[in-house]
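Mind having a look at this structure? Questions to follow.
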Amino acid sequence: MKKLKVGMIGGGGSGNFFGNVHRRAISFDATREVVAGALRSQPEAALAAAEEWGVRGYPDYQAMIEACQRGDLELDYITIVTPNHQHFEPAMACLKAGIPVLCEKPMTMTVAESEQLVDLCERQKTPFILAHTYTGHPMAMYARELIAAGEIGEIRKIESWYTQGWLADKLEDSGLQQADWRTDPKRAGISNCGGDIGTHAFVAATWVTGLEVARLSARLNTFVQGRLLDDDFNVIAEMNNGATAMIWATQIAIGYKNDNGFRVFGTKGSLEWRQERAEKLLLRQGNHDQTYWLGANFDFWPETVASYLRVPAGHHEDFFEALANLHCSLERRIRGNRGESVPPPFAHPDARTGLAGMKFVGAAVESSRRQGAWTEM
Amino acid sequence: MKKLKVGMIGGGGSGNFFGNVHRRAISFDATREVVAGALRSQPEAALAAAEEWGVRGYPDYQAMIEACQRGDLELDYITIVTPNHQHFEPAMACLKAGIPVLCEKPMTMTVAESEQLVDLCERQKTPFILAHTYTGHPMAMYARELIAAGEIGEIRKIESWYTQGWLADKLEDSGLQQADWRTDPKRAGISNCGGDIGTHAFVAATWVTGLEVARLSARLNTFVQGRLLDDDFNVIAEMNNGATAMIWATQIAIGYKNDNGFRVFGTKGSLEWRQERAEKLLLRQGNHDQTYWLGANFDFWPETVASYLRVPAGHHEDFFEALANLHCSLERRIRGNRGESVPPPFAHPDARTGLAGMKFVGAAVESSRRQGAWTEM
Amino acid sequence: MKKLKVGMIGGGGSGNFFGNVHRRAISFDATREVVAGALRSQPEAALAAAEEWGVRGYPDYQAMIEACQRGDLELDYITIVTPNHQHFEPAMACLKAGIPVLCEKPMTMTVAESEQLVDLCERQKTPFILAHTYTGHPMAMYARELIAAGEIGEIRKIESWYTQGWLADKLEDSGLQQADWRTDPKRAGISNCGGDIGTHAFVAATWVTGLEVARLSARLNTFVQGRLLDDDFNVIAEMNNGATAMIWATQIAIGYKNDNGFRVFGTKGSLEWRQERAEKLLLRQGNHDQTYWLGANFDFWPETVASYLRVPAGHHEDFFEALANLHCSLERRIRGNRGESVPPPFAHPDARTGLAGMKFVGAAVESSRRQGAWTEM
Amino acid sequence: MKKLKVGMIGGGGSGNFFGNVHRRAISFDATREVVAGALRSQPEAALAAAEEWGVRGYPDYQAMIEACQRGDLELDYITIVTPNHQHFEPAMACLKAGIPVLCEKPMTMTVAESEQLVDLCERQKTPFILAHTYTGHPMAMYARELIAAGEIGEIRKIESWYTQGWLADKLEDSGLQQADWRTDPKRAGISNCGGDIGTHAFVAATWVTGLEVARLSARLNTFVQGRLLDDDFNVIAEMNNGATAMIWATQIAIGYKNDNGFRVFGTKGSLEWRQERAEKLLLRQGNHDQTYWLGANFDFWPETVASYLRVPAGHHEDFFEALANLHCSLERRIRGNRGESVPPPFAHPDARTGLAGMKFVGAAVESSRRQGAWTEM
């Protein structure tokens, strides 16, 4: 099996966390490798970063895509790791050139942009994956399969949260870049906390359950004085099947790191998962609790999930494995489209997920401005 | 030290769970004992139940209180364990006779009744404790002390929940008495889930933090078809210091038993406690987590809590110990008022807590009827 | 049902932890009560302690037993809570008078004494229970039932431990009474750590499994300089079915409180329990783990255990409940012998268990002296 | 920084778990890559496997090493992933050619071979790492640092274990290759359970503490009928500082996967770690417990460990990260020797560790044959 050739837009520079993380996830399985990149926004820096990685460098993403179109460069897909407000344009350019994309979240800065992107993806049937990392964790995938199989019945209620504490103080004044752009409306858009991690809670509530948010009532807070965007995000939502969902996120919960999780309550059972204990999935039916551990032997897993596992029972899969699974899932779509024999790709978040997330954050911001008035998605 | 003599109203009959539970909690420390009771609503049954327990029996609570007033019976306090809609009248009668009371929750059926009760308590300074059981757990008490001492700074956000699953089906049709009266508006009042366990979540959010709810937006659901009251209860509240609180309770979360807990986030730290892991309290400050275990040696505890502990390090205290602590706290108020030398009573929930709970549930029911409109307490 | 009348030998004085603990356990269910006692070794102190508790006082245990024999006092059973080296004589006296006994552990100071006691119990069929507290915990009882029912097959290996840290320093020099007598050969006998907590690990390995130790190799250590007895105790044992058991206890594990637990490995499955997480029992069969929580509803439990439960699902039972169950079990033997209709008593540790424990510690001390030579029980 | 070029001996074939695992660990950081290999024992299969991976293929390891010596191939180090009985010869060949080695465990089949290897390594100062995977986990590394820094004082007692259940039945008869060679004396040597996982428990007891085993008493069992080697392994050891260690491993504990862990008790504190909860390290000092989570922010970690971390707080590192750290540690030795500026290599297990492990298993087998007689290492 020939390795897939991957291009990267953004992500260069030794201090760039996500660039290196995606590079690692891409090469995780030795069936994919980064071969080219427009790795930074300044042309010279972009070329230097490519040199550093030992891949073919381009001054900007347009040049890289043109090289593909000219036949000078062969890329099976492109990974977009630019700052949030620079996702839309390169993604559109890739799609227009017919190149599959794995894009960091958030997908775009506006609903209108997301709609264009969905439209293009679906018209062209170009594979597109949105990098909600932990949807690639086998246990999150398994949760989705259990719900789809009806194991907890019709869903009545969802609780989904993401608790962090790193923005409890005004870190943006300290010069920390991560804090700076996230709290700047020009680069982060209409919401900091909602857009950054509220969307993860939203994806947990919808992607895992297969449901959609119909309308919502929200309360966004800015607890840190002088901050320009929300740092706390609370939503009560009505799902399209009538279920109620509590979806909330906060960045001011001191000492909490990545406490992202969900509990889903149905007519036949309940399901609970927390990312910080990712190897454990709690299914409760009747009076009994059943706990699934990643530690279960391979033959325990449904086929749809089994092919995404990499370690024997008793070891854990976590961050890199989850992200690699998103790349793996895209790889399978690409190979499958070519008629190669691969296990089926999993239904990981795509452009439509990205659009829903944009609408969700938009509706929440609006509802909060209107004192929690119920707002349609 | 002479044992306190305790009378009980309600609670008789071998199948009565709470009557036996309180009797056990009363005699837990050998400094209190049940000596008399009007244990059931039917006079004959009441006398038979007293006979069975070997205590002095009365046909009704009025008779028992009159015996006290006549000097025929000496009672240091009375415990009220009647059905919910029969708390107010005996409580008032006791208080009017100057007899201290430990009353099961909810305190009354209406806000107006609660106001009368608070008024009487405070005018007479008669000790009164409302039986929110787990406020008697040393770890809940310790959480309150840590917050009062400023360990987590000014509070910004509270999450407080109570998750149960036993009413996921229409159990009231099965003849189960516990389900029957709770879902019957005549006996349970305006709310089932909110009144029964939502108030526990409310108490966690207020008693532990020392804050009050200013106004709230609520969504109550009745998920089980044909049920007459809510079985799911969701509130976003604004606290009197501006903090936001998520307070919710549900009875349809299959497999969950008594998953009651809170997380409180302040400007200096966070505090987390779950009743099903009651011996553990998580304090997070800065980047670090500090976990308090009941397993810590006695000299670890602040004096205000230490005198309420009964087992050495490495053993757990739980349900009976917590309830016994409420009786113990009342005992100390009574003895202290008499000038006996006892450790200080802890600030356990009193009539004012009961009044606030009634207002809270009332406001939530009203807000939910008005589509989540923000409603003052 | 008439309350059982209980006498107590030892345990008086306000600072006596175990006396108060047993008194609480006795009255836990309102079907038993302490009515008389020879509560301290000095006659005057004994009478004063009885006065303090409000029970009939005797200057010494002989006087109390004689009162029973004369018909002046009616006792259904006697609880012995004297210091360790004073268990044998009063136990024999009770048994000779035909009075059932619940005795604190260790049962005696020598094997010969234990043999006399077993002999008397069995000849007379007088009920006798040895207070290994946590054998009264419903989960420990359930573990025994699961093994007896063959759920884990034939047992191959046992790991049983008790880890404490309170004697990591030479606490006996500080005047702490608990440390003083335990490390004094005159009052503690041939072993400190082995006798005090090694026997708990031994009981876990034998009572839970139904197996006996055939022979053993031991290594006892005294890590704290100047200490007169062992503070660390390690045994490899061969069980009577050929299984191997690791049985060890230590008092120098700083920060550990009552970390007592076992893991039993059989041909069909494994069972794991830890006293500090007493509400949880892990059964593993095939590749799957099944976790039993005390949180399971009542109808989950086998009948043999169900009647020993006191709290609804989601609350915990612990120290007092476990000890109360031993008294409850004795109560049922007594009532059953009289033809009263009670649930069956559970097979809690009796005099034979006490004898086996004495032999076990004796063999371990001998083996350790002989450099770990295999020694018959 | 130029990528290190790595050769691999063994590990080829799509079903080869450890070959793929090492390849992934090698390329984890994009500073190392596999460029050549003698990947299988049959020359043709070896060349085909290299073709499949896209690396330079050699028919056997001798040919690969000769190519290096001739200057035809440049390798910075070689990874040995052959079956256990084929580690010694290629390792010696690499070392003789002056090529650094990362070798799977066990290092050799006999003590004499291990001694030769140590001798050669030390005379030549050629870097050599033995792949005890979890010694590369940051938490295991941190445990070693805490002990070396004196945080728990002088060590008195060690408990170290490895519990597995996969060989509870006679799996070697099922044709499973993993079971087959491990239980075959010709390929596994004198011990199955001791050699395979007892050595992990041994390394935990020695590498983490910095102590050595002086002498030991052992009991090895073969619980599965007809099996040719031990499947259960129990050692009581005396350490070179007088501490006592319980070191045991079993493969018949049904349902346990990789329950490897240790508890170390010193004069000032205790340290506990379990591989299946690898992100958590428990330090207990005085009455208090301190829990270290991998979730702590980067600035929490000592410099010696910090440079081996790859994910932000709140995510976990596990199997691949640990193995990659061993390669990373070797990389730093190699680069450091060349004068490149790299963080200091960590003291991961080397040839001397391998020798000690061989002696340990040998002494245990001998002691067990002699009924547990104390045997010098």
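In order of appearance the chains are A, B, C and D, and numbering begins at 1 in each one.
Note that contacts are C-beta pairs under 8 Å (C-beta built on N, C-alpha and C of every residue); 3 or more make two chains touch, one makes a residue touch a chain.
Since we're looking at a predicted model, the values are computed, not measured.
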Relative to chain B, largest Cα-centroid distance belongs to chain D
Any chance you could check whether B-C or C-D wins on number of contacting C-beta pairs? C-D
For chain B paired with chain D, centre-to-centre distance based on mean C-alpha positions, whole Å: 55
Just curious, how far off is chain C from chain B if you go by their C-alpha centres, in Å? 36
Determine the centre-to-centre distance between chain C and chain D, using the mean Cα coordinates as centres, and give it in whole Å. 43
Among chain B residues, those touching two or more other chains are 256, 287-289, 313
Quick check on the complex: what are the chain C residues that touch chain B? 3, 17, 20, 23-24, 27-30, 53-54, 164, 256-259, 275-276, 278, 295, 310-321
Would you mind writing out the residues of chain A in touch with chain C in their complex? 287-289, 291, 293, 295-297, 299-300, 313
In the complex with chain B, residue positions of chain A that touch it: 152, 156-157, 163, 165, 168, 217, 219, 221, 223, 232, 234, 236, 244, 246, 248, 250, 252-256, 263, 265-270, 284-289, 371-372, 374
